[in-house]
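In this document, chain identifiers A, B, C and D correspond to the written order of the chains, with residue numbering beginning at 1 in each.
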Amino acid sequence: MTNSMEKPAVTKVEVGQVTVGGANFVVIAGPCSVESEEHFLITGQAAKRSGANILRGGIFKLRTSPDSFQGLGKDGLAIAKRVRQELAMPIVCEITDPRQIGDFHDIVDMFQVGSRNMYNYSLLKELGQTKKPVMLKRGFSALIEEWILAAKYVTDGGNPNVILCERGIRSFEKVTRNTLDLAAVAYIKQNTSFPVIVDPSHATGVRNLILPMALASAAAGADGLLIEIHPDPDNALSDGFQALDFKQFDQLMDKLSLILDTLNRPLAPTAVV
Amino acid sequence: MTNSMEKPAVTKVEVGQVTVGGANFVVIAGPCSVESEEHFLITGQAAKRSGANILRGGIFKLRTSPDSFQGLGKDGLAIAKRVRQELAMPIVCEITDPRQIGDFHDIVDMFQVGSRNMYNYSLLKELGQTKKPVMLKRGFSALIEEWILAAKYVTDGGNPNVILCERGIRSFEKVTRNTLDLAAVAYIKQNTSFPVIVDPSHATGVRNLILPMALASAAAGADGLLIEIHPDPDNALSDGFQALDFKQFDQLMDKLSLILDTLNRPLAPTAVV
Amino acid sequence: MTNSMEKPAVTKVEVGQVTVGGANFVVIAGPCSVESEEHFLITGQAAKRSGANILRGGIFKLRTSPDSFQGLGKDGLAIAKRVRQELAMPIVCEITDPRQIGDFHDIVDMFQVGSRNMYNYSLLKELGQTKKPVMLKRGFSALIEEWILAAKYVTDGGNPNVILCERGIRSFEKVTRNTLDLAAVAYIKQNTSFPVIVDPSHATGVRNLILPMALASAAAGADGLLIEIHPDPDNALSDGFQALDFKQFDQLMDKLSLILDTLNRPLAPTAVV
Amino acid sequence: MTNSMEKPAVTKVEVGQVTVGGANFVVIAGPCSVESEEHFLITGQAAKRSGANILRGGIFKLRTSPDSFQGLGKDGLAIAKRVRQELAMPIVCEITDPRQIGDFHDIVDMFQVGSRNMYNYSLLKELGQTKKPVMLKRGFSALIEEWILAAKYVTDGGNPNVILCERGIRSFEKVTRNTLDLAAVAYIKQNTSFPVIVDPSHATGVRNLILPMALASAAAGADGLLIEIHPDPDNALSDGFQALDFKQFDQLMDKLSLILDTLNRPLAPTAVV
């Protein structure tokens, strides 16, 4: 449909030994927040067992209310380091302040810039000074054009390793937490060189909608997914309502594999750091 | 993921001899506006040849400006009647005023209620007095809840044959004409008995985005698609920028078939009236 | 600030003997729905006593749910006729179907086209065939440009007597029912010849916000207001949460008068039919 | 209308010797960006001459594109310091990174946190460690509730001196840059203790709409205004389309004074540091 001659070549981004934007589809999974070492380890084991390639886990959390759980902070970093080694799996954590770059640099395989920080150009400029991959989430009311320009704050600094992550935009609809904009994914694939992944957990905020939106994301041409999982979602310290338990995640991976085979875009092999 | 025990049974809606909401996926295709008998006939032939099940064509158009082309009106109805017989294919046309019901009744196989009329409860109540299928498009800023209640205006009147059609909602994003809300499709499938189809042409308003959004719709669980096609999109009397030409439509149907096979939801056989 | 040489001359619309768009500011008040003759009469008396110029009252209601109160219908028209004569006050009622024009024509002094019908071009075209004033509410997600073009469906038919009514647009914010767009009022005053009034009741859906938004509307340059009042808001049959009681309305009119004097735009004298 | 017994007492915030949230209305004016010392000085003189109380000027700019003018940076701070002394007028500048606090602290009388940084909780927490006033702009798609909670990140740290600034929210409407939400101003006045001011320049992005929205803001109950002015708007280095020239600003102040007198909320006297 689109003229493939005009499509920009996709930047292949290496996260540990996992390539995002290449021949394989990539799944990032993990808990919203790292709650303890045991919690993070068993969640990572389950993610890996079901075929996830990269582990996610929040350590410094941005929460709407100052009274909500703000993450484990520096203790979380030490946990992340040990779990990453134990599982031999690359890890992505959200960075919320440029002064965290040093602490994060030798622990994470990819920096996550969250939706609330997409316009934090100070942070983006400094991440452009590193060579480490940056997963840049779309601001929840960012124009596609603004999002692409935000990515340019990183690449202009000399770091080409940017992955975009669509996570839903704010609309008037109330049934879902956000409105997943899959046309944005297809548009970016057709018009830029950035790999794009989708976060159906935040996009919907509804557990039952994660599976169909994961399949739809793959069909729309996304390069990967970011999925929140938890051993016991109903007792999670943050956002449990949008986390899958391990069995649900395993079912999702099974159905996803079938679609990916049809699309000639098989899941990447289980990751090694 | 969802507990299938709790899912409402899907209403199967018969449009001519085509079942929407049943074991097969259904594709409705045709021009935005019927421009002439020859135009509608060759477009219908192309639609059928590529595997579409139902033919669409606008006769009374709702246009933002009173100076835009308003459709052929009653002349269009006579054309629609002849083309339907010639192709032996069920037909759906948009109705814009309850007083058109009589004229439409013996010609169309399904009434289309457009996005601008979703809140036109006078019209919906009277369509509830017929037994003919009604395809109810989502208002472009309607809450899912309002849309379901609008459908209830039809079913409360005694006509259970309602198909919902997601066609994008209005958001701040400007690259696309509307923002396609596929989570709404999955939500309705999980929580109501209405079949749901998707119109990626209006949802995106961008020709190159129609194919990936069509595939994503199927993967999200939609029961069918509504696609605008035109023999010469660049010279269409309305909305040519979002129409596929016949070759593009044929390619879309090929890729769609592969996904549908994986989903165990094959395309319905080519339609007969 | 704006160059008054470029401003289009405002169309003066006569509603009974009340001029909208002229030297005076106009207040339309009344209940959301006419509930009974007594209810409508005492509400109209209170409106008049506090200085309102035109009486409003809903007879055919458009409700999101088919199970909600739908208005008194034809019985309501007879009540409206008697109350209008009793109070010698012009009246505006919402019309929801073109087939009601005949019944309404000799009873109401102005047709109201509600937000849900702004895109009902069949209705607008037929109102263009009358000479009676039309108050056209903005669709709750209509672009200003679409709203102006909808008004043109009426004026193109030969009826220049159109008043626009801003009533809030749908946004992501949840504290208010809609988001009042006062810049739209100023924009229309500067760029078109239509008088514009504001409905702070629907715009906010919050009783305590009606007074400040009424004052802001006057300061923004609106030609008038549409305010919902009720003898006993907590027991209203529809939308009581956004109605003022008579004392609150009287206080609003007092504060409004002060601002209007400063703006050299005094309230119109109490109306006569 | 509202029960004044329930209203929280307004926090009075001292900016230099100007009180925001007190008996007087306050006007902050100045250029979008400080372009040179001469430019800032003559703009400040004009602001003061017309009655503005506080001077604004951007030094570190957050621009959507990395290729746009990014502000004078540290050179700008030195200019700001000299102009502030010359004019004996308090000054507010936007801070974009917590590491700027030290440099800004002895120069500005108030920190501005821009719309893009409303969710930058790192920055807000550190501003809570100072005692200097913070003007917190609403994120352009922030819920009122999220905005209030963001302010709490500052006050929880021990700094009660927070002023909120409504600057328009993102909606589907395209005529204006944003949609000014004056109901938010009234809501916050009725339900919190924060002073609230309005920025009609960013809210509309249309020069001709600034005057009517300034008057409407005053009538809605705002405690002040933030207005962009420039000696030659058509040649401004940033956002000239939404700046008033000095004559237009003077006319605005004249009309504003009349409304403020009616509201018993006279303009604060011309400021001294």
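Note that a contact is a pair of C-beta atoms (placed from the backbone, for glycine too) under 8 Å apart; a residue touches a chain by one contact, two chains touch by 3 or more.
Remember, predicted model here, so these are calculated numbers, not experimental data.
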{"item": "Winner on C-beta contact pairs when A-C is weighed against B-C", "value": "B-C"}
{"item": "Centroid comparison with subunit C (C-alpha atoms), farthest chain", "value": "A"}
{"item": "Chain centre separation in whole Å, for subunit C relative to subunit B (CA means)", "value": "36"}
{"item": "Euclidean distance of C-alpha centroids - subunit A vs subunit C, Å", "value": "49"}
{"item": "Shared-contact residues (touching 2 or more other chains) in subunit D", "value": "141, 145, 170-172, 174"}
{"item": "Topology of the chain contact graph, where touching chains are joined (line, ring, star, complete, other)", "value": "complete"}
{"item": "Of subunit B, residues touching subunit A in the complex", "value": "1-2, 141, 143-145, 169, 171-176, 179-187, 189-190, 203-204, 206-213, 215-221, 244, 248, 251-252, 258-259, 261-263"}
{"item": "Residue ranges of subunit C touching subunit B (in the complex, touch as defined)", "value": "62-66, 96-99, 116-117, 119-122, 140-141, 145-146, 149-150, 152-153, 156, 170"}
{"item": "Footprint of subunit C on subunit A - complex, ascending", "value": "141, 170-172, 174"}
